[in-house]
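Letters A, B and C name the chains as they come in the text, with residue numbers starting at 1 for each one.
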Amino acid sequence: MQEKETAKAKPKVKKRKYRYGHWAMTAMLSPAVIFVFIFSYLPMIGLIIAFQNYKYNLGMFKSPFVGFDNFKFLVFSDTFMELVRNTIGYNMAFIIFGMVAAVLVAVMMDMVHKKVLVKIYQSTMFLPFFLSWIVVSYITHSLFQFDYGIINNLIRSFGGEGISFYSEGKYWPLILTVVSIWKSIGKNSLVYYGAILSISPELYESASLDGCGGFAKFRYITLPHLKSTMIILTIMAIGGIFRSDYGLFYYLPKDSGALLDWVDVLDTYILRSIRSTGNIGVSSAAGFLQSIVGFVLVVATNYVVKRIDEDSSLF
Amino acid sequence: MIENKFQKILSKTIANIILIVVALSCLIPFVIIISASFTSEGEIIKHGYGMFPRGFTLDAYKMVMHSSGELLDAYAVTIYTTVVGSLLSVLMTIMAAYPLSRKDYKWQRIFNFYFYFTMLFSGGAVPSYILISNYLNLKNNILVLILPLMFNVWNTFLLRTYFQQIPSAMWEAAEIDGAGQFKILFQIIVPMSVTGVATILLFVMLAYWNEWYLCLMYMSNEKVITLQFYLSRVLSEIEDTVNNRSGTIAMNMDVSNLPNETARMAMCVLAAGPMMFVFMFFQKYFTKGLNVGSVKG
Amino acid sequence: MKKFTKTLAGILAGLTMLSGCGTEQATEGVETVTWYVPMLITGNGKQEVLDKVNDILETKYNLKLDLIGIDSGNYNNKMQVMNAGQEEYDLAFTSHWKNSYSTNVSNGVFYELTEEDLKKYAPKTYESMSDNVWKAVKIDGKIYAVPNWQIQTRAACIYTPKEFLDETGESLENIKTLDDITGYLRKVQAIHPNCNKIKAMWTQLMPYYNMIEIYEEKMPGAIVFNKEGKPEVINQYDTQEFTDYIDLRQDWVAEGLCTDKYLPDSNADKKEIKEEPIWVHVYSPGGDAILSQSRGYEMVFKQFSNAVMSSTGVTAALTGISATSKNPTAALKMIEVINTDAEVHNLLSYGIEGVDYVKTSENQIERKEEKTFRGVDNWMMGTIANTYLLSNQSPTLIEETKAFNDEAMPSPLLGFNANVDNLTLEISNCKTVINEYLEMLDLGLSDDAKLAEFRAKLDEAGVDKIVSELQSQIDEWYAAQ
């Protein structure tokens, strides 16, 4: 009705406004578009380095092209499979355990009901999120240090032998996974908590009337509601499965050679190869590979998800 | 019925216990750091780290404060970049998130993908360096600590989800009244999404506060360094000296004067403390949870 | 909305104001030289010192120094990205152990210095160093960096607290081999059972085992001379010497002479518990005095191997001129100034007299406890010959160093620099393996199985190819001599 009236009063207004709206919105968007263009798209020209024998004095535009040599170098190097195994392994652990932990914490927060308590829990769990990896590394140092670290103190007070964490790689997958989840649990559980809050209480009530127990409610109401959030977050995470948080993998193990087997991931490899061998071509190739794999995986996962459940797909 | 009630109480108790354990695990490391920073070095060597300070001393803080005017400089720089950077960043994010949240915006899908793509592809460290230092000439300019972090796609998508939850009737009505899009955004949409804006503001502040890589790469003026870079530098200097990877004996490096265990902990407190304080103001916005959405909007 | 715009305008104004700070105006005709060193230059007195330096440089030489200190841990990272990004700068510290000289040269990072240039713009520097020294920095017959004159030979040396000698009645004269050191450690052990007594590294012991590293510290491929005196390339990690050394380290750990635990950064107060008080390191005249000062207790030392002047001895401290430098002659002039103008070099190393140090004799100083400037180590920029000595150093230290350099046996391979372009894959693989194993082996914390694993992995990584390629290069070079 309203539309008709305005249309009658000023016939062309609606259309012009429509267009004006587009330009205004484009104008709003433009700073971001320009920023992203400058700081994200322009450096992508640099991906050509991955196909070059990069010489510092010749630079990006004059260095000779060598085809896929850098990729071959990377893939055939001894460490590559280890790097891939570590990178993917850690990411899978972070994705799966991180999600389970976050969902569980969110569900339990919902069970608590008492607002004051929920607030306290949330705030404390959010604390680690604010720490830089450098500070976190100080904390892990105080925990795992051999002579006076807390964990070793505990072990000794129970009559055990101290463990030299910084020279034994086998402890690190566990340590890094726990720390990674620990740092993000506050934030991630909030995401799911928000989704749970949006579930209508009536659903639970009617389920109770039907005689559903707590677990059944979780299984048939809560989980399906969280599904799309879980899927979206997982797809996004899969896009980064070849990447990892440099700070976590560099600062916590302190770049200790004895741990490399267990904690070396593509990102630490890339930065180390820039730092020590100066082989920019190979490090670019590794970065390129990360992007390609991420891209392919996201598109593929999204395709699969779309086939199963249209609404849950990312795009 | 009674059984049901009992079950409910039981499960509630279990949930509480587990949450308390998780919350404590998040809290205890802070207690350890804070208590270590007030403990004397000798006590730590003798008894190790602990939950409560054995004895109370401000030595570590005195040492950290005394040893450097740099720490104060670092504070000034970090506060400046955090405040200025996050204000500008939030403004830009709001303006970007709004069109992206409007399904009737003509290029919504294209731009959504344009942004999403950068989450997957990146040019790498060296090309970025070449761009920023050789073409943008931002080296040794404080802007370099602000600009590259100013726009974050993840935050934009987060805010977009908040905007999407506002009923379309709100802006439709305003458009019919002849309001411009800027007016709609800042007078209707933003006030209705305070939570979302507060959330990304906090995230952005955090990103600026914890920044060190840009500082390492682009700043060689020692007056202009960020707090975290200062921390990382102290750390790396200690490691390099103690492990002595160098082939020659360093003369100007006084091993005995390097910050020791407690001083490092004091620096942690000084570096992380202010953000904790800021968080208290934001806390109320987080009780309702966060929202994430998809690229398709 | 208005308020908002106002705030925004305020912010932007602030931004532009601050961003203006970065640029400094240059005076007409004065050439500015940027110089990167791997050491933080700090202290409240820093600006004053640098201003003073620049006053002298400007009035006397028409130069201006922009000195940038990067903390040692981040130096490699930053320099590599800067070099790759073709950043414009003039001078940088380079060596075989930090900001790798050979890698940089093969990447074209440094400006080639001809002898004419050197003679013209840095004549005194050029003359002050022997032909052997210049030979040692040549790569493919060309010079890409100026050595910082210091101790340029390598000899293994033991540093120990004097207190330990007094307590045990041991004399340094008796220490000639690693076994002697073990004996000494046992005596110390009787008095100080609970401290981690010694720090030693395989690479520093190369002269003791009569091996010479070829192209980079720790990397496989070392030269030994066979009975006919001909150079032979070996994988130093696959030798009886290495096995013996690792066994010795394991014995030390087993006997409790040094710790059996890895302490990546145990930073306990060194003054009190004397963590790793004894140190096997490279010999450096005056090193005892430096250590005494930095540790806060008296250290003494003794050399216990032959001294060899090899490329790595010379390339331990170099200054390279960047290929991106707009003004390489000014950069070369700057090197000459540091090498010849004692006042400038002393300012940069020690700060201002009376504020940061007091003179105790003509050429000796005592640094003040409350000094406000922590400068650049004198060997990081230019020669150590023109700076003050510390009051506890021998007043004839420079002469001693000179004599030591001159008397050392020059490596017959001086002037040979390997071309490793065809070995990048193998070297990078070996680097990873060495990163992973060497440190723990070197600390005596691995067992024999690990040693075997290390060797097997090096084989896999292509160590044989490296050795044979280097051997053929050396044979070729040797024949041409």
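Everything that follows uses one rule, which is that a contact is a pair of C-beta atoms (placed from the backbone, for glycine too) under 8 Å apart; a residue touches a chain by one contact, two chains touch by 3 or more.
All figures in this text were calculated on a predicted structure; none of them were measured in a lab.
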{"item": "Partner chains shared by chain A and chain C (touch criterion as defined above)", "value": "B"}
{"item": "Chain pair with the higher count of C-beta pairs in contact (B-C, A-B)", "value": "A-B"}
{"item": "Whole-Å gap separating chain A and chain C, where each centre is the average of the chain's CA atoms", "value": "40"}
{"item": "Rounded Å distance, chain A centre to chain B centre (Cα mean)", "value": "15"}
{"item": "For chain B paired with chain C, centre-to-centre distance based on mean C-alpha positions, whole Å", "value": "37"}
{"item": "Touching two or more other chains - residues of chain B", "value": "45, 125-126, 130, 232, 235, 239, 261"}
{"item": "Contacts with two or more other chains, residues of chain A listed in rising order", "value": "59, 145, 147, 254, 271, 274, 280"}
{"item": "Chain C: positions in contact with at least two other chains", "value": "77, 81, 84, 86, 264-266, 268"}
{"item": "Parts of chain B lying in touch with chain A, wherever the complex brings them together", "value": "7-8, 11-12, 15-16, 18-20, 22-27, 29-30, 32-33, 36, 44-45, 47-50, 92-93, 95-96, 98-100, 102, 105-107, 111-116, 118-128, 130-131, 136, 147-148, 150-151, 153, 156, 175-176, 178, 180-182, 185, 206, 209-210, 212, 228, 231-232, 235, 239, 261, 264-265, 268, 271-272, 275-276, 279, 283, 286-296"}
{"item": "Chain A to chain B touching residues, read off their complex", "value": "2-3, 6, 17, 20-22, 24-26, 28-29, 31-33, 35-36, 38-47, 49, 59-60, 105, 108-109, 111-113, 115, 117-132, 134-135, 137-139, 142-143, 145, 147-150, 152-153, 182, 185-187, 190-197, 213-214, 229, 232-233, 236, 239-240, 254, 270-271, 274, 280, 283-284, 287-288, 291, 294-295, 298, 313-315"}
{"item": "Interfacial residue positions of chain A with respect to chain C in the complex", "value": "54-59, 73, 76-79, 141, 145-147, 162, 164, 166-167, 254, 256-258, 260-261, 271, 273-280, 282"}
{"item": "Residue ranges of chain B touching chain C (in the complex, touch as defined)", "value": "41-42, 45, 68-70, 80, 84, 87-88, 91, 125-126, 129-130, 133-134, 139-143, 146, 186-187, 216-217, 220-222, 224, 232-233, 235-256, 258, 260-261"}
{"item": "Touch list for chain C against partner chain B, complex", "value": "1, 4, 7-8, 11, 14-15, 18-19, 21-22, 39-42, 44, 46, 68-74, 77-78, 81-82, 84-87, 95-98, 150, 199, 204, 217, 264-273, 281-282, 284, 287, 290-291, 293-296, 316-317, 349, 374-379"}
